[in-house]
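Shared chain: chain A. Partners: chain B in the first complex, chain C in the second.
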Partner chain A sequence: MKHLLTLAAVLAAGALTAPNQTSAQAVSCPVKIGGILPMTGSMAPITKKIAEAAQLALDHINQGGGIKGCPVELVLRDDQGQPTVGVDAAKYLVEVERVPAITGTISSGVTGPIISSITGPSKIVQISCCSTASAFTLDGRSGGYFFRTLPTSKTQAFATASEIARRGLKKTAIIYVNTDFGVDMTRFIKEALPKLGGEFVVEVPYTDNQPSYRAEVTKALAAKPESLMLVGFPKDAVTIVREWLSLGGSPKIALNNSMRVMDFVNGVGPKFLNESFGMDNAQVAGATVDAFNKAFAEKYKYDSNGPGVHTQYDALMVLGLAMNIAKDLTGPSIKDAVRQVHAAGGAQVGTGPDEFKKAVALIKEGKPIKYFGATGPIEFDANGDVTGPALVWKIADGQIVTDRVISIEEMQALFKKVE
Partner chain B sequence: MIGLASYLVFFFSIVLILGIVALGLNLQWGYTGLFNAGIVGFYAIGAYTHAIVTSPAKAGMIANLGLPWAFGIAGAMVTTAFAAWLVGLVTIRLRGDYLAISTYGIAVSIQLVTLNLESLTGGPNGFPGIPRPLFTTLGSPALFNIFFLGVLVVVTGLVYWGLERILRSPWGRVLKAIREDETAAVALGKSALRFRLEAFVIGSTLMGLAGALYASYIGFVSPYDFVPILTFQIWAMVIVGGSGNNLGVLLGTLLVWAIWAASGVAVTKLVPAAYAAQGGALQVILIGLVLVLALLFRPRGLLGEAATVSRHAADD
Partner chain C sequence: MLAQSLADGILTGAIIALGAIGVSLGLQILRFANFAHAELVTWGGYLALVFVTFAGPGTPTGPFSFGWQLIAAMLLAAVLTGGLAWLVDRLVFSRLRRSGAQPLSMVFASFGAALVMRHVVVLIWGSGSYFYTSELQIALEVLPGVRMLPDQLFILGLTLLVVTGLHLYLTHSRTGMAMRAMAESPALARVCGIEVEAVVRWTWILSGALAAMAGVFMGLSPQIHPEMGLSLMLALFAAAILGGVGSLVGAVVGGLLVGLAENLSVLFVDPGYKTAMPFLLLLLVLAVRPQGLFGDKA
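Take a look at the complex of A and B:
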């Protein structure tokens, strides 16, 4: 009986102290991170390199000391490009594998339901390399747990609006293609333009692949605009610009990135485009970008060009850094830590295992860090989105030339001004 | 352990939602012989109707009504029934593969409408923030999931019971007669067209009901939820389970969806991390292999259709 009592006391003490011990140590090795990517299905051709970039980031994190001293595992699941499959995979990762963070996925149609039904309610950090739909971050339904490392169409829209204002274009008409890209671009241009000193007078959507856009152009001209912002794709844009000019529209035309091709310029005729300008995402340059490209080429024997490759590497590196910064590996702590990965006044850290090791050492000393990744500086705005640099192009002597580059710092200043 | 239980609650919820779709198809194909290849179209109509009826008004959306959950479910069923009736009026005379091609085309068109009718459906950006019943009252996602599983068990039970009732009635026997020999059924004075249309509308309405349940469970729908692969998954569920047997179809749904989910887990456990990028292909091969084996060894499905003989046959 006495033995039993002692045993009970020991067990009770154990039960009382056990949770304290685990919360003090906080981490059980290895640390798992969930990954969801469409490795089969229509996206499969581009996903291979993206998954390889994730693997490379994982190698760098592990070689650089892992997370809180633990080796890191990436549990990668295939969403097959199908929402139900992706949601099931996410639920499994969160509940059974107990991952505190997920990276993924590509298609906005899969990312959306995962945020809405799994990561948002369960407070799990999710970083996507590739989903652009604005709805995820704008209405705050992710609860701040969703981030993405690729610049959204907002970057180009704000840059365009600022250039329209800088060039003193007045009374702008917007003609845009009726797709998610065109709709998002137009919404952001409309938001930014009045705050930067421009004004828009009318917006007209168009459906692509029509033989003529006379009706749309006439409708836009009826508002007596003095300049045009055209958001669309080259083939239809040729028709629209020709009809616009022949009906007496202003030659001051702002164009989006898709029109930066000679097919468009020659289709309209270069001499009609002397007062036009366009916008595009600029290639990010810098030592940290080169280091990533070199490491990728060394491991896989081919170059890292392709959509999502650089942004996926950054998505995982940000998670690696944030999980080292976080006081424990729970969703809310990691979410707050993601915003300290690029802290003002922090010591600069870059890509690769040595830089990661340096970052971990700094974090251990309690010093702030400033991460520069495979896509340049990674600083999330209030919505969990990043910006990128942009370039302004124009037509000179029948050729497309770069007018000027808007650096990422100018871009971030611009975002602060508009929002 | 709690984690696994919580995952299983979620897993079975999806199984029941897909199970209702499969029951709808079983009524059309298993009992009446209608080759509906446009399942996903009716599923989409139900999901979007529910989203529009229950979501609160929002800038840029023209028709959000903000009504309670039950109105969304009822509205989804009525709208889907009406859409199926319209589709049925023009296509139900078609036989076999012709019906399949036309319904397939209609489903693709419906998906394109959801992609482009932005002010109604949110377009390619999707329809976020569909209200979930009692989500805030219940407080935690885990409680909500258990509650919703309960709702789904009740709804699936009602659908199953209702189908069994009507299929054992004279109405159900006519459906089988049409499936086996339409000419003979017509010769007995039955209007084959009317019965085919009724079976088509009821089956499609069940698909719409499932779509509404899916929308209110996940809280987000987009046109990418309604691509043709789902139609073929449902077909696999009905065929593996045993067309013409409602219980078999529910079992088939469970088995096929379990294969889909478990193969993904198996790939992450068995394939070395360095080859994770290639593992996805293995998963698809695994799914195909299990489906082929199931059909080789159980050609009539897990539970085939029960043989029907006259209850007077035993009297001899």
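Take a look at the complex of A and C:
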């Protein structure tokens, strides 16, 4: 209660004094940004590089002039991959450290509760590198305060639906794993498919880790489908695809990104997958991406490949830019500013300290900027999500090869067509 | 669709039945719920794999995707898994029996044994999947609207043969009769001069051998991985209890019912609930017949 009162007093004071002062004077140095990542626990192996990317972004922001003339400090807390610990960490950052913005975290299972119980209600901006569950930005829990720098499952779903239609596959049956991810994907594929010229005839959910999926496959086949969209994870997918083919299912099979591993291809047998294809997020090429990769390799002496590394860098850079643009360092102002980081007609700014310095100078002159990050152009849609390019892969000569890339422009056109 | 689901259910049920016989024998003769039994299924699958790796699955014979080598591998795996089951008993359960452990202690010991057995598999073979053969069979339309794989028909036939043989063995051989006597009353059996340890040994070996066959059949359709036994465990217990503990026929019928309940349920409910169906059936049966379908009144 005491905290709340103080917080209210501070906010009230801020509201009263802000109009009379320039924004730079209202800021007390150093500026703190909260960070939540699973430094320990089952995610720890991938978090190391992600945290290093965050550190690199912090260095670049500080070398590039910081936020409103102040040096920036990242207050990083460990969520251990557990919702309770993550919510505690967020509570600490917001109530004790008084951060106006947080970056984090990886697991959707932790990010969700943090949005619902801390950052949403407290109007604190949160940018995640890695949580894909589409519900976060759609169900209203975030109040618009949650953003992420990686595409949600929607991007993959729409891309898959368009490829199904492009290849002229008809009467598609969807078999999907009954998890948030599978349900999400299926929902978007079903939404997109009819609008793009495809049609789906039946959807069958499955529970993972079962010895056999004959019942599910039989149910799907009863609708006389002429192609299959399978959303799931590799091990069960091997069983499902083999049973599907055995029972007379069509070899025209669309697969999601999890199946882009040789374990799956060899499990089913490459010769049975000649007419199949899959989808995945594509890595953008570009000068700003190369600059990030180079800076990362120079600092840490190994490459930046890995999940979440590029998106985490962008998450923090976007915060750095937005907090410079924001008229004051309160959640609502920063939230609005995040949307001006990639403004139409703005001057292009990229990754690295020099580019950040350039951006800060432009912002001071009141000019719009257009940020191109470690993952390419960062443009948030109405929900706070980004769209990324996708790639279509297929199996040729027993290997997984890229068939074609769906560029970000094509992707945006696709979104317009469906929504 | 209905006919196909029936066929699928019977096939799934046959594999479950083979595993459930061991669970049922264990519950009746060894008098505790052996959760490590499902791991014997996994071990059976992997032991056959070792032989197949050396000998190859054989050239596909007739309509089947494998040759005599796989049958030989299965028999070898059955013998070895039987031995393994007995070894686990020597190392873990017989010591507990001698110290007069409560059934609950045995159950927890079986959880421990299951964990160790599963992770030894991961240690030796890794956590990835293996296949006996990279061939893929295309199902034959055996009846209008019913498609089955030749391999599955083979599995069904062999299961029937094994179960019949086992039934004759239990009813006519001396060991079989001793086992049934033990199941009725261990104290009386001992008084009659039955060597208890020998019966226990045979129970383990038989359960292990049957579990190994279930493992090989599971591996045929289509993969072998460290959690294959675990994924079957609840179904095995449901089948054994549904059929009535200690009854061979019960275990087989229980297995078939579990398979049918899973496969037929998708006609009426969301397949996401498929795995819950056998337990719904179990609750219904136990409400009417607490001793199970073929169990004797206790």
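Convention: the second predicted complex is superposed on the first by the 352 of 419 C-alpha atoms of A that agree within 3 Å, B and C clash if a C-alpha of one lies under 4 Å from a C-alpha of the other, contacts with A are read in each partner's own complex, and residues count from 1 in each chain.
Definition applied: contacts are C-beta pairs under 8 Å (C-beta built on N, C-alpha and C of every residue); 3 or more make two chains touch, one makes a residue touch a chain.
It should be emphasised that the depicted structure is a prediction, and the values quoted were computed from it without experimental measurement.
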Touched partner set for A:Ser108, first chain B, second chain C, both or neither: first
Touched partner set for A:Pro211, first chain B, second chain C, both or neither: second
First, second, both or neither for A:Gln412, with chain B first and chain C second: neither
Contacts of A:Asn178 with chain B and chain C, given as first, second, both or neither: both
If touched residues of chain A are counted for chain B and for chain C, the larger one: B
Which superposed partner A:Arg242 touches (first chain B, second chain C, both, neither): second
Partner chain in contact with A:Gly267 - chain B first, chain C second, else both or neither: second
Residues of chain A that lie at the interface with chain B and also at the interface with chain C: 178
Interface residues, chain A side, partner chain B - complex: 35, 38-40, 44, 47-48, 51-52, 55, 58, 73-78, 80-85, 87-89, 91-92, 95-96, 98, 107-110, 112-113, 115-117, 121-122, 133-136, 139, 141, 178-180, 183-184
Chain C residues touching chain A - in the complex, by the definition given at the top: 1, 4-5, 8-9, 11-12, 15, 128-129, 131, 134, 136-139, 147, 149, 218, 221-223, 225, 227-228, 230-232, 235, 262-263, 265-267, 270-272, 274-275
Interface residues, chain B side, partner chain A - complex: 3-4, 6-7, 10-11, 14, 18, 116, 118, 122-126, 128-129, 141, 144, 217-225, 227, 229-230, 260-261, 264-265, 267-268, 273-274, 276-281, 283-284
Partner chain C, residues of chain A touching it in the complex: 178, 204-207, 209-212, 214-216, 218-219, 222, 235, 238-239, 242-243, 245-248, 263, 267-269, 272
